[in-house]
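What follows is a pair of complexes built around chain A, which joins chain B in one and chain C in the other.
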Partner chain A sequence: MEKKIGCYICTGCEIGEAINAEAALEELSAPVKKTHEALCSPEGLAMLKQDMESEGVNALCIGACSMREKTEVFNTFDPKKVIVERVNLREHVAWCQKPGDEDTQMMVNDYMIMGLTKVEKSDFLEAYSPSEEQPIDKTIIVVGGGVTGLTAALEAAKAGYSVVIVEKEAELGGFLGKMNKQFPKRPPYAELQDTNIGDLIAEAEANSNIKIYKNAIFNKVENGPCIYEISLNVNGKEVNIRGGAFIMATGWKPYDPNNLGHLGYGNCSNVITNVMMEEMAAKGKLERPSDGQEPKSVLFIQCAGSRDPEHLPYCSAVCCRVSLKQAKYVREMIGDSKVYILYKDIRSPGLYEDFYKNMQQDEGLFLTKGEVASVTEDADGSVVVEAEDTLVGKNIKLKADMVVLATGMVPNSADGEAIRKLTDAKATLKKEDAAKPQIEAAEQDLITYKDHEGSQILNLNYRQGPDLPMLKYGMPDSHFICFPYETRRTGIYAAGPMRTPMDIQDSMDDAAGAAMKAIQCVELTSQGKAVHPRAGDESYPSFFLQRCTQCKRCTEECPFGTINEDAKGTPEIFPTRCRRCGICMGACPERIISFKNYSVDMIASEIKSLEIPDEDEEKPRVLVFMCENDAYPALDIVGKMRLQYSPFVRVIPLRCLGSTNIVWIADSLSSGFDGILLIGCKYGDDYQCHYVKGSELCNTRLGNVKETLDRLALESERIRFEQLEFSEYEKIPKIIEEFMETIDRVGPNPYKDF
Partner chain B sequence: MAKAKFIEPDLDFIHEISSAEMQKCYQCSTCTVVCPISPEVNPFPRKEMIWAQWGLKDRLLADPDVWLCHNCNDCSVNCPRGANPGDLLATLRNYFYTKNAWPAFLGKAVNTPSMLPFIIAIPAVLILLLAAINGTLTPLFPLEDGHIRYGAMFPGMTLIDPLFVSATLFVIMSFSISISKLWSGMNNMTPRVPNKGMPLVQAIIATIQEILTHSRFDECGQAKTRSSAHKALVFSFIALAIVTGVVAGLEWLDILFDINLVSSGHHVTPLPFLSIIGGPLKLLANAGALLLIYGVYTAIMNRKNDPEGETFGKQTYQDWFLLYTILTIALTGLGSELLRLVNIAPIAYSVYFIHLIAVFMLIAYLPFSKFAHIVYRTTAIIHSKHVGRYEMTAEDVKGKEAIML
Partner chain C sequence: MSEPKSILVIGGGISGMTAALEAAEAGKSVALIEKSPYIGGRVARINQYFPKFCPPVCGMEINLKRIKSNPNITIYTLAEVDSISGSAGNYDVSVTVNPRYVNSKCTLCGKCSEVCTAEIDDDFNLGMCKTKAAYLPHKMAYPRLYVLDPSIIGTDDAQKCKEACKYDAVDLDMKPEKVTINAAAIIVATGWQPFDASKVDYYNFDKNDNIITNVMMERLNAEDGPTQGKILRPSDGKEPASVAFVQCAGSRDENYQGYCSGVCCAATIKQIHYVREQYPDAEITVFYIDIRTPGRLEDLYLKAQEDEKVTFQKGKAVNIDGTSNGNLLIEAEDTLTGVKSKKEVEMVVLATGMVPNLAETGLPGGGATFDKYGFIVPDGEGIYGAGVAKRPVDVAVCTKDSTGTALKAIQCLVRG
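For the complex of A and B:
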């Protein structure tokens, strides 16, 4: 389709007073150039539409407010028919620069030229349609038939989606099915409640939208969202189904008490775990293992292996309330019984505090903080627990007929990346031409990851591993700090205790949330649109494979496992798995990965389109690459707060700093820019990158560039990487100011006049 | 590491002292922080709260801190959980009066409201019996020269003195048993730090000073008004004790040596106002009585104006028993004097009879009523000064934690 470009500058919101719009338009070569006092008004929009109809304008370069504002007006055009590029003249110029100043005008001129360049380089989008390959399937596959899985299945089914539950065990119900009672969930938080799992199972079984496979595991999962091809092993028979999205509700398993010998497990016959206690209570009779007698006194040891760097470093969130509940079992089932609870802190969050308060009223319940020093068996089979630093006294000894260890929750998950390392190591050892260090590394990996052998649940056919990646504690990282349910595999959502320890109520809430995410996924994907965080984006990367050198950087660096490899290492892309962050585009040394509206060449052209003032004009130029997710909106706030900063910076927003291609650095320096500032999200343990590791990858790539610069005797200080979170907007003017001082110190770019 | 002690909750004890409020304690220790008179090492009342929840009776009955508390209620007012530590300590003291004093049956009788008639009847019967033996119990109330003289019906030498001296001896015996038990218990719980504690005599003197000046009591935040009432009561009791002692001495001087220092007649009482000794004594007695009325009235009104016990703590039978006994003593004492002056014999003698009963109840039931705090608290304060409770530091008790806690 022929492109006809219209350039528009809005003079409303003080833009008109700060700059000369007409002068800026004069610098541009486009068939249609207009100003308007309020482009976002009905009259303004009418003018745009009029130009589109009568003049045939179909590519708009709009100089007005931030691209994050007035989206209800400017995002209404179909990107398959109209290109829209927003140039931020309000927050990034008019509101933060001296009105009427020569430098301010230069800034506007440059931004408009960059915008126009981008429009010239952009193409109309062609939405990816998975249906071209295979029929779309919106079925939601729920992995696990416990309370989380059943709830998620019912939520999705009630919303009209067909659901498949894949349960490994012979019966539905999961852990809740084995439980006696649950702690109270309603005011006044006094009486224990039935689990009601039977009702939930019956409801799921009766729902015509839900298909249930019991005794079922995954042989293989291929392809991506909406076109998943799934092979199941159901009772030993292969069953092939299709699916749209996954909800992982695989639940938890108790921490292995065999590691808790120091708390008496295995050494004292009457030391049991809270899970064993629950099963005993469900059978209706409490008896101690050694002689089957009713335990008249029961001692609970909280955080048994939890919040302990040697065992589970985290808090399992429910054990305190579970022990209070089980204390009630003992007190209700055994007359004149005494129950002791030795805790680190009692954690009964929110209104569950009332349950704790109610239990405190029980005169037969004895609570104290304390550290267990020793657990030994007495001659009569009872257990002697010695504790230190208790609230009752510095050192105390307690004797109980039975001790219950409140063990924590371990997610039922598989570490896809670890399994992959194992597979890779095996492949290396099979190779005949493998080098010695490679063989040694492979042998080491075999030992390190041996526990992961055969642990996969989904058996994904993904280059980056057959299951979800883990970050901490074996939980699939909910990869966007602020977004629960998300995992680092598009279309696969985690819910319940497999994601983070939680109680029944939270698991049910979680299930509903994950069902919602899965529904969003199948709906957006079936329309060829991206899911969160670029929800609705219809662009997708295309690979010019003829020039691919099979370096595998894209397949390795994609945080979402979008890309597989063929035997030779050529990338195979699965667009429905893609989040459109552009990290592959930044990674590719051959620059063969592009979006229709975002490419290496496009940004490079923007950089090259600018006229850099001569050295003697004393107007340095600094290029700022900014992450669209945090840094760019933070700069908008700087404008809204009317904070001033240097007029010598030129900002280019990026989908993610991970999409930074190193060639842009070279392009900037050779174009005469004196410095390059990159502002991205925080990385590390508490990373805030919307694409998990984009900003970190960018920083790694820059490290390599800096080395090169040093070798070329070009000051590496000219390039600076900053981590910023949205709330730190007030730091931006300072960061810019300091960087300008640095540039002042190191002097102008020596390439400037070439 | 010191050897750990076995701990076993006493369910019966918990049942006796437990309250819904006490069970609310979650050991934040706000109470010990806000308490103006809690010592630095092992401060109270945080630890007492959990010991009570756990039913650790032996510790609590030997715990001097229960008595170091002056019940100012700062802890209860500031408790974030409404656990009322002040009430718990008061409950423990009441438990001590009720259960720990010898003989136990009297403890139960004095502290059980339904047995009030019985414990009033004891002195009433005793007095009437002694009067009958003396032959002074006549249907017509005796007048001498047309005037009332209480000694005519309730003679000092053969009625009052035998009765009250034997009551006093009984009280001393009872206390000697409980105090020796408490003292050794306190020594176990808080061993002396020799270089920090005072010698015993010095500790006793310092304690008397502290009590007379109310220096520690005045530190209590909520208890400002309580302290002034308490001061009035202490000084009035001292004044009245002096008067009683001097009068008894004068009477015995008169009886044994026939020396009457106050009047030319045969009797010391009623004290003639116009005499060198009698005049000041009478002034002192009346001043003491008025001060007593002021003190007890203030104390009663403090509690009346705080029916929920928000400022002064929960009200107990023990509180009211003591306050009304004192009020009765004060009103009937002053009433006896006035009725004697207006010379209405039947009423006057009756009021005086009630006065005697009330005084007997105060003295003879001392180990079992709240009044016993004058002995227990004094002992605990002496002990705290003797062992250096307020001066000792964490360093001093290092290694002894297992014994102390």
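For the complex of A and C:
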């Protein structure tokens, strides 16, 4: 489609008083150029629409307020038919610069030229659709047939979706199937409830939208969301299915009590775990292992291996309530029994406090805060527990017929990245020409990651590994506060105790949430649209592979594992896995990765489109790359607060700082920019980058550039990377000021006048 | 006026926004109603989230971006439900939309606020400071429109605002409007309000300025708060050399609020971090019954225990009295052991819990079952509680809960 560009400047909101809009438009070469006193008003919008209808304008460069404002007016056009580029002349110029000043005018002129360049380099979007051999499939694949998996399957099925449950065991039900009762989850939180697992299984089996494979594991999962090709091993036979999205409901396993010798496990015959207690209760009879006698006194040791840096550092969240429940088993099943609970803190959060209070009414239940010092066996088989009562600082000694260790939950997850390290290490060691340091690193990896051997669950054919990447403690990597389901593999959503320790009700709620995300994924993907956080985006990256040098950086750096590579190392892209952040585009040294509306060439052209004042004009120029999700909106707030900063900066928003291509640094310096400031999100363990790795990757790339600059005797201080939290907007003017001082000190870019 | 059949979400806090967005991104039509002039609810007033110490505006920006780019969501602010009729699959909900006195032509230029002389309590900052009566509730407030407080309507101030607006955005003749929304399902995400600490008379909260609550602490540490982010004790602006946190202030207590709010322990540990960042030498004492930091939140507690100037003192605070120098004397007692302690500090933060917003009013038109505390009991079809309307939980649980609840609502839509 032919592009016809219209350039518009709004003169409202003090823009007209700050700058000469007509003069700025004169600098631009476009067929339609207009100003309006309030472009967002009904009259302003009518003018735009009139130009589109009568003049055929279909590409708009709008100089007005921030792209984050008045979206209901300017962002309503179909990006397949109309290109819209918003140039921020209000928050980033009129509200933070001296009105009527020559430098303010230059800023506007530059921003409009950059905007126009971007429009010229943009193309109309075309949504991605897979080839005809790859029909769209919206089936939701649920991995695991425990309470989380069954609930997820039923929730998706009730919304009209086809579901496949893949369960590795011969029977459905998971851990809940082995349990006796569950603690109360409704007011008045007094009586224990049945597990109802039988009903749940029957309901899933009877639902015509749900297909169940038992004794089934994954041989291989190929491709991406909506076009997954899945090979299952069902009872030893290969079964091939297709799928749209996955819900990982693989549950948990108890912490290995063999590590808890210091709490008597393995050393005292009557020390058991809460899981063993549950199974015993489910069989209907409580008896102590040594002699089959009914234990008249039972002592629970809380946090057995939990909240302990030597074992599980985290709290499993459910064990306190489980012990209260099991105390009730003992009290109800054994007459004259006594139960002791030795705890650090009783954690019965929220409304479960009522359950705790109800249990406290039981005169046969004794709660003591204390730290276990020793657990030993008495001659009669009973267990003696010595503990320090941390409140009164006294040592106490308790004797019980049986001790139950409240052990925690370990997620049943597989760490895709760790497994990949093992696979790669083995491949390196097989190579005949591997260098010594490579061999040493590989050997080290074999030791470091040995526990992950054979732990695969999904067997994804993803270059970055066969399963989800993990964050900590075997819990999947995600923005677990704001966006808990967004794992680093598009279309694969974790739920239940596999995601983080949780009880049955929470697992069921979580299952519904994951099912919602899986449904959203298949709906958006089937229309060629991106999922979170750029939900609905119809752009996607294309690769000009003729120029690819097989450097593999795109494959390695994509946080979402979008790209595989063939035997030669040429990237194979799976667009339905893509989140559209552009990190691959930033990684590529050959600049072969582009979106129709976002590319290396586009930004480079923006940089080169500017006229840089000569050195003697003493008007330095600093380019500022900003993350459009955090730093850019923070700069908008700076404008709203009318805080002033240097008129010599030129801001370019990026989808993610991770999309920064190093060539832009070279382009900026050779164009005469004196410095480049990059402002991205916090990274590290508590990263805030919406694309997980973007800002960190950008910083790593810059580290390499700085070395090069030093070699060329160009001061590396000309490039600065800053991490900024959204709420730290007030720091931005200071960051800019300090950087301008640095640039002043190192002097003008020596390439300026070339 | 009747809208096409959709999902109705009541409440525009993090739970309501999440539920609305998740359903809308699956292609469903959603109406979101919010009683205040902006969406974001309590979360907008939190300075940092635990356990990452990250700013909620970061996630909020993404959610707002999602809302702005999604044509499936219709938002009504300053709106309240009058009545609900019908049943699952087909509800008619009558809503009153109160006047903002500012229309969609508002450009955020701020001229109305500049000329307005009247001031009102700044609700966003919990009344800890004042704001102009023509105002943008906070910097990120969405919808991106100013508001005129009803108190100035009919005054010269209102007239001045109208005259100052070049865009014809101030409309003093706005009247409350009735809207009927036809919805297949209703998600009640009405959230919470802080427990009124003055109810616990032995804490003397309303008699002593230097006793604040945890929600006030969030604002004290916020850049856009009443002290521009400085933690200062209210009576004299002193930088506190010692701070005590009193856990379960009114919570886990049959006389006030029988349940545990589930979030205050982690919130206090986060606020210890706030104090520590500003005052490396401040002495901090936490009076607690049990420290409840489930899951990965335990990492936070472990870290806080490593701080030599933080003391975790088991025991319930049973009395707080002011001293002549503005300090506070806390008496605590452990109910299990009877161990008593006393401590003098310069400032006290009461870790108050969450009271469900519908505790007193219920849902207009009924249709939901409430427990004795005012939380919605999750049963029945068609009307679903989400987030803290259902039970006291943190943001991470609210987001997951609301996502799942969105699917329950979609199921009603599919069933018809």
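List of remarks:
As a working rule, the second predicted complex is superposed on the first by the 743 of 754 C-alpha atoms of A that agree within 3 Å, B and C clash if a C-alpha of one lies under 4 Å from a C-alpha of the other, contacts with A are read in each partner's own complex, and residues count from 1 in each chain.
Quick note on the criterion: contacts are C-beta pairs under 8 Å (C-beta built on N, C-alpha and C of every residue); 3 or more make two chains touch, one makes a residue touch a chain.
Since the structure is predicted, the reported quantities are computational estimates derived from the model, not experimental observations.
If you put the two complexes together on chain A, you find that chain B and chain C bump into each other. When the two structures are aligned on the shared chain, A:Asp506 is found in touch with chain C, with no touch to chain B.
When both complexes are overlaid on chain A, the residue A:Leu391 reaches chain B and chain C alike.
Of the two partner chains placed by the overlay, neither chain B nor chain C lies in contact with A:Glu132.
Contact with chain C, but none with chain B, is seen for A:Phe726 once the two complexes are overlaid on the shared chain. Of the two partner chains placed by the overlay, neither chain B nor chain C lies in contact with A:Glu617. Of the two partner chains, chain C is the only one that A:Glu523 touches; chain B does not reach it.
Residue by residue along chain A, chain B and chain C are tallied for touches, and C comes out ahead. Shared-chain residue A:Lys369: touches chain B and chain C both. Contacts of A:Lys338 after superposition on the shared chain: chain B is touched, whereas chain C is not. When both complexes are overlaid on chain A, the residue A:Lys399 reaches chain B alone and has no touch with chain C. Steric collision with chain C, judged by C-alpha atoms after aligning on chain A, is confined to one stretch of chain B among 6-14, 24-32 or 348-356, namely 24-32.
In the superposition on chain A, the residues of chain A touched by chain B in one structure and by chain C in the other are 346, 357, 367, 369, 391-392.
Chain B meets chain A in the complex at residues 1-9, 11, 14-15, 18, 20, 23-27, 46-47, 50-51, 53-54, 56, 401-402, 404-405.
Residues 336, 338, 346, 357, 360-364, 366-369, 373, 386-388, 391-399 of chain A are the ones touching chain B in the complex.
Listed in rising order, the residues of chain A touching chain C in the complex are 12-14, 38, 40-42, 65, 68-72, 75-76, 155-156, 158-160, 186-187, 307, 309, 313-317, 345-354, 357, 367, 369, 389-392, 472-473, 475, 479-485, 500-502, 506, 509-513, 515-517, 519-520, 523-524, 531-533, 535-536, 629-630, 633, 637, 640-641, 681-682, 686, 688, 690, 725-730.
On the side of chain C, the complex with chain A involves touching residues 22, 25-27, 47-49, 51-59, 61-63, 65-66, 68-71, 104-105, 107-109, 139-140, 144, 166-167, 222-223, 252, 258-262, 290-299, 302, 314, 334, 336-337, 339, 371-373, 375, 377, 379, 391-393, 395-397, 399-401, 403-408, 410-411, 414.
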